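Next, two complexes with subunit A in common: one pairs it with subunit B, the other with subunit C.
Right after this comes the complex of A and B.
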């Protein structure tokens, strides 16, 4: 266990000094300040931040983790030839990326409201959604990098995953709901929703704030269908599924992979 | 002693190693040579645990590597391309590797002096030249005074003077009873430092024995290799 903490600590030192991680945190800080300064009310600020986070956090997390995993391949080989087991190397590498990105996101997103004295506990819901998205999309990025040897193909796969889950899946659900609007669609819609963590995060934020009009194509449809009990179940089960399944698959692939 | 017995490995049903057998003895530099794609790197990676062999035995002093990672406490490895996180300093990299072993890095200060790395300790890895990176890799490989030393094209990106110094270090290690396995395309280097060679071709060992015997009166190792292949397969 000591080796795990050592690798995590040195991985974090590398992340903290990364200009990309710094730029990511700075972006959220600047976005927060601008939205609070020029927005009309706090609800609108929350809605705008939620939309930015639902789009940007998955993109940055999946692309950064894919690129970082490929770029540090030779270093990881050097660590793997030390007396360290593969699970220790995998989990410490992933967690250093996750903690680095999450730290930048939390500090950046909280920085604006704290600085301008506009802090409100409702922002924690946005932080929870952003952290869940960072966790899952960093895993998905590593899954591509562990599975595909060709860096360009892996990156294209990561980009395609984000594009599908952030944009296409939403349109697909909307199309299905519109086509079958004469049928009872609550359960199928919830099942389709649970297939996409971005929609789960959107549902979570929707249930926290009354932001229907500002929450994407499926927002109004979701609010009509998601009774509090059903919505909470989808959020909890969907999030667990999206965190556990990729973690198990990536870890297994990493254990059995030839480097 | 490093024991490699009937090792087989295929990638996508394409055999790369087809029953490789040889041993690396303590106090001897054994060079693994052969053309590109003959399986040298795969075999080295099998020994390091980076590639999992389909069949066969890979053992360090009778410790089968499938039993665990403990053997790596006594292992030093220098890859062809040394890469560490760009933002970590040389000192941090050395500390990181020290933290992963139970043994002290007893040769660290000596190697930092020999390889002229003393002035770069506070530099980030991303600021180092290719040669300095390779020297750092060499220091990392040897600082624990390992019993087994695996080297993959160790002098490929070193200047002639540093390459010469590094060859002396390799020979010195073997003279101190260490087991050294050197993978190299540089046949003059092999001739200078190795006592035994393994010639690998198409995933099989074509020759394993002393360098002197292999050369058998030839002018140099390169011409001996050409003669050997010509005898086996006809003119190149």
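Right after this comes the complex of A and C.
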């Protein structure tokens, strides 16, 4: 366990020094300040921030973790010749990436509202969604990097994963709904959406901020999610599912990998 | 001569004393309202003193004024067994009572106050509690319903009725009432030349206000909140709708203002806020919709079919998820000089009118409206991309609805 903490501490020092992580946090900070300064009301600030986070945090998390994993390959080789178990190496590396990205995100996203004195408890919903997405997508990035040796292919895989989950998945669902428009499709659509953490986070944020009266148009499934606490529980459970299964897979692959 | 004067004086005295009849459970000549109403001569005043009276089906078949002796405290409990008052004569006034539990029957409509073919009735300052129907007026002219508080907590739409139900009547005035928890807050069928002013109709199971086949009516400065739909105007002409508030009607079939088969009406200066659909327009013609504030609705307007020659002018459409969803192909409705918060054009000549036309109907709006479950994709990047594609490639645009002169700044 001591080795784990040593490795984690080293990884974190690495993250803190990283210009990319700094830039990522700075972006959220600047975006928050600009949206608050030039936006008209808090509601719109939250809506815009939610959109930025839904688009950006999965993309940055998955690409950064992939690139970082490839870049630190030689260091990991060096560690693995020492008497350190592979799960310790894997979890400490992932956790350092995760803490780096999450820290940048939380400080960046909170920085604007705190600095400008317009802090509001509703921003915690954004933090929950952003943290869930960061956790899951950083893990998916490592999954690609561990599975594929060629870093170009691995990066392409990570990018493709993001592209699919962020955009194409919804397009596919819309296509299915269009084809089966004569049937009551709300529940199947909800089930398909639940497969994608970005969609869960999007619906969670929509409901939290009551962004739209239109949500009344959808039926009982979403109404249930709109109840206090339920939405947060769904997103936490959803991300647990998305964390657990990839983590097991990555851990096993990393353990069996022949360096 | 003296005798004649004496007799007429006596007569006068008697008449004067008969003008006012007191009712109270103890110490009065008359203990029940029923009895007082029976013995009271026409055009007299029945004064009821504070107590709880367990009475029902009090038939008023002559002109009478029923009042309470002090501020409130007069409760008539029908114990779920029938109407409180049945009015069949002209010029009846009922003022200040609290009417409880008129009950429900599946073969007839039980109302706390039932008016049949009685003109110029006045109901003021009453409270009606737990009613199926609150006040039910049929075939009457010139009734006034003022400052009543009518509330029900029946849950199902089948076993509840309207707060104020008016059928085949004219010149009805409904002013400053508060109505909640009924099927329809106020219901008009075959009613004309009537006014509905400054009422609050909330949390009704169907509509806050419902017109059927009722022409030439006027409703102003009312508030409709959290009803399944705010107001439904159906099969009617010449309805004047001004300065009302339509708020918080949520649900798959919920509308702030539902218009179906109406014509020649005015919808001016209303606030329509936080509804799943602001205006639902079906089969509407020759209607002017102007100077309304339509704010934060799912769809600001849904135009379903065969609506023609309507004019939408000088409205503010703010923060709608979708501004207009139109299924109609050909479109002869005019949109002009409205403010659309989604308009992204510029105004180089600085005349407060955007240089490019605004197309408020989007493809994604139509999809969400017509494809079950598509609303779950709201705010997803895919739908944003579709909107972007639509803006870039105008040939994709879903409908012909265009505002050629969109305002750059909000109408104040």
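Methods note: the second predicted complex is superposed on the first by the 233 of 259 C-alpha atoms of A that agree within 3 Å, B and C clash if a C-alpha of one lies under 4 Å from a C-alpha of the other, contacts with A are read in each partner's own complex, and residues count from 1 in each chain.
To be clear about the criterion, a residue touches a chain if its C-beta (ideal position, glycine included) is under 8 Å from a C-beta of that chain, and two chains touch if they have at least 3 such contacts.
These numbers come from a predicted model, not from an experiment.
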Touching partner for A:178 - first (subunit B), second (subunit C), both, neither: second
Touching partner for A:55 - first (subunit B), second (subunit C), both, neither: second
Touching partner for A:31 - first (subunit B), second (subunit C), both, neither: neither
Which superposed partner A:188 touches (first subunit B, second subunit C, both, neither): second
Partner chain(s) touched by A:199 [first = subunit B, second = subunit C, both, neither]: second
Partner chain in contact with A:167 - subunit B first, subunit C second, else both or neither: second
Which superposed partner A:139 touches (first subunit B, second subunit C, both, neither): neither
Partner chain(s) touched by A:81 [first = subunit B, second = subunit C, both, neither]: first
Touched subunit A residues, subunit B compared with subunit C: C
Residues on subunit A engaged by subunit B in the complex (per definition of touch): 2-3, 6-7, 10-11, 13-14, 17-18, 72-75, 77-85, 256, 258-259
Residue numbers on subunit B that touch subunit A, as the complex places them: 11, 45, 48-52, 69-73, 75, 77, 79, 81-88, 92, 96-97, 99-102, 140
Of subunit C, residues touching subunit A in the complex: 249-252, 254, 274-277, 296-299, 321-322, 367-368, 370-383, 385
Partner subunit C, residues of subunit A touching it in the complex: 51, 54-55, 166-168, 170-171, 173-174, 177-178, 181, 183-186, 188-190, 193, 199, 202-203, 206, 211-219, 222
